[in-house]
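We call the chains A, B and C, going by the order they appear; numbering starts again at 1 in every chain.
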Amino acid sequence: MKESLWNSILSVRKNSPLVHNLTNYVVMNNTANALLAAGASPIMAHAHPEVEDMVTICGASVINIGTLDEYWVESMLKAAKKAHGLGKPWVLDPVGAGATAYRNETVASLLTYKPTIIRGNASEIMALAKVGEAKSKGVDSVHQSTEATGAAQWLSNTYGSVVCVSGATDVIVSGNKKILISNGHPLMQLVTGLGCTASALTGAFAAVSNDKLTGTAAAMALLGIAGELAQKESAGPGSLQLNILDKLYTINQEEFFTYLKAEEDNG
Amino acid sequence: MKESLWNSILSVRKNSPLVHNLTNYVVMNNTANALLAAGASPIMAHAHPEVEDMVTICGASVINIGTLDEYWVESMLKAAKKAHGLGKPWVLDPVGAGATAYRNETVASLLTYKPTIIRGNASEIMALAKVGEAKSKGVDSVHQSTEATGAAQWLSNTYGSVVCVSGATDVIVSGNKKILISNGHPLMQLVTGLGCTASALTGAFAAVSNDKLTGTAAAMALLGIAGELAQKESAGPGSLQLNILDKLYTINQEEFFTYLKAEEDNG
Amino acid sequence: MKESLWNSILSVRKNSPLVHNLTNYVVMNNTANALLAAGASPIMAHAHPEVEDMVTICGASVINIGTLDEYWVESMLKAAKKAHGLGKPWVLDPVGAGATAYRNETVASLLTYKPTIIRGNASEIMALAKVGEAKSKGVDSVHQSTEATGAAQWLSNTYGSVVCVSGATDVIVSGNKKILISNGHPLMQLVTGLGCTASALTGAFAAVSNDKLTGTAAAMALLGIAGELAQKESAGPGSLQLNILDKLYTINQEEFFTYLKAEEDNG
């Protein structure tokens, strides 16, 4: 598997996919820089009169609800619908799902356009599964997700998505296939928006990969290893943020193979 | 006093308060990172359908008018009203008060919800006092603030707020109590948004401190000392911005006590 | 020429012009920091009730359409109209012109207020010339710009603007005068928004320079040389972003004269 993960990284570098981002205000700069460092080309655009044009132009769209509001939600729905209609990959990052009714309603609407990839932390993925079930089944929920892997599997089966639950070990599920990535470093949690960066990178990989499961795993491994390498040279979370960008750009095959902790589970 | 300031810092690290930010686009990333580095958990959310839910969930809200517009002003008023109603601490950062009529009208409306803490530079605090007086007294202004400490005292007495005038020496006023913090470094003025960062940190400290005067002083001392330590390792304002984040995370009791320049005046 | 370029840099440092920015979400933090590092004072403000006041207060306005939407486009038009009416310098950065019809319509409207300076990459400048011609001449385009210098010259003659086409060599055109700046480093393309930073800096220089051609050339040379110096100390694009800020602040006459690659062509 390590060869195919590394080939995905090379494919992003070689093809420099255009990645359209509808993301939150907090992370826009860092997300754009991470995409550039990994070899992709970021575009941030949300205006109703052009958001569908941007989906059409780009290789993938990434929808992150972090600082959503009514205008942006409409943009997100337009983009998701367009991507779904064109058969283009799109990524859902359900930031803060479960925290407010508004976020739950928003992700429920977005799920109807069947995201190619969903990436969130465990509590977001569990919230998303509950929202999806409540919507599809009414109050008689058929699956009370009490752990994130089950929720991820339900989401993958229901929406046909690759689902990535990120954490100390990232669990990436596609139907009955599963890849586990155990890279990364705890200090990364003190840099805002690295989850959002992960989602953006999966968008870049989805744009160039036929196999979305492998592409998603490659994105998570790349960021995790970049974080591990960067942490060794960082005095704290401030320097870590920028050293990760440097490592996304400089990481080579030897470093990648040395650090990779990936495991396949074809169930 | 230095023990109680340091204990406030430990309390933020231990309790990791959720801090809700309605802040400007320029500083969101840096503000979120500073809160994380100090041990708090930032949430940025402004949508009308959820802003009151976020106030309810969080330990404190920080309202910063830097890049205000009509939508955001309505969000800010909703949040301030909700915090006031729940008796939750909220911080007002009146960025650019005095510069335009629109900013003055906005802060006048926000003041009616009695901010727990107000933090601004001298000209903003003086502008705020003038706005508050004009609103409460009509054109017969009872207090023509010609210096910021007087304006701070008037604001504190009128609204029951802790008022922090930041500068080479930060003057923090609560009724007839006063704390002066003389930490920091002039190069910090060349990093955008460190005032906004100071306000966000006071929110984190307000969420965990019964004594808001001490909490505010601790936030200002922490940032000032982090700036002094960071400046020694910085080649300019770019590296200073991130080194401050590192220092907010690594600063220990010995460094804090060695550098602290605090003075009480219960005068 | 090198003396006059350096004097422009000193003039920004000495006069610390207020620069009003209507710019995109991705770059706001970095743009503000770059302006501060170069000695200017940034203000970011877009609200309809105050945007004209900000134009009036500031020495120059910079309008960057990167993350435009309907609200922001109205802000931009108000600001451009006000600046044009007051005879104040304003800069147009037509990010992504040519990519969508919405961007083309927006820049066509903005051009009617005759930007003092236009800065974009080659494809944006060519798109802008096509848009301008289509608007002024209908479908019978008089000038099919097939290369950016021709497009820049057409724009300069038609709107009276200084036009800067940035690239490996920046071509800066004002009527029949031309300055070429060949500073910079390829790694700068992997830092998001350095073009936007260039536009913001030209705003600072326009605020203090009678000769807008020289001012624009000085801004481009300053950023290019800062990038070259910074690159020598950078392990990748993450560290480059902040090292550029450090160099904008520390760069001295000797470094500037040693690195400057400028050429005049009054052809």
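Quick notes
The definition used in the following text is that contacts are C-beta pairs under 8 Å (C-beta built on N, C-alpha and C of every residue); 3 or more make two chains touch, one makes a residue touch a chain.
Source: prediction; values computed, not measured.
Judged by the touch criterion defined above, the protein chains are all mutually in contact, each touching every other. Counting the residue numbers that touch the partner chain, subunit A and subunit C have less than half of them in common. With centres defined as mean CA coordinates, subunit C is found 34 Å away from subunit A. Shared interface positions of subunit B, i.e. residues touching 2 or more other chains, are given as 25, 29, 241-242. Touching subunit C in their complex are the following residues of subunit B: 24-27, 29-30, 66-70, 96, 99-103, 189-193, 234-239, 241-242.
Looking at the complex, you find that subunit A touches subunit C at residues 25, 28-29, 32-33, 36-37, 42-50, 53-54, 57, 71, 241-250.
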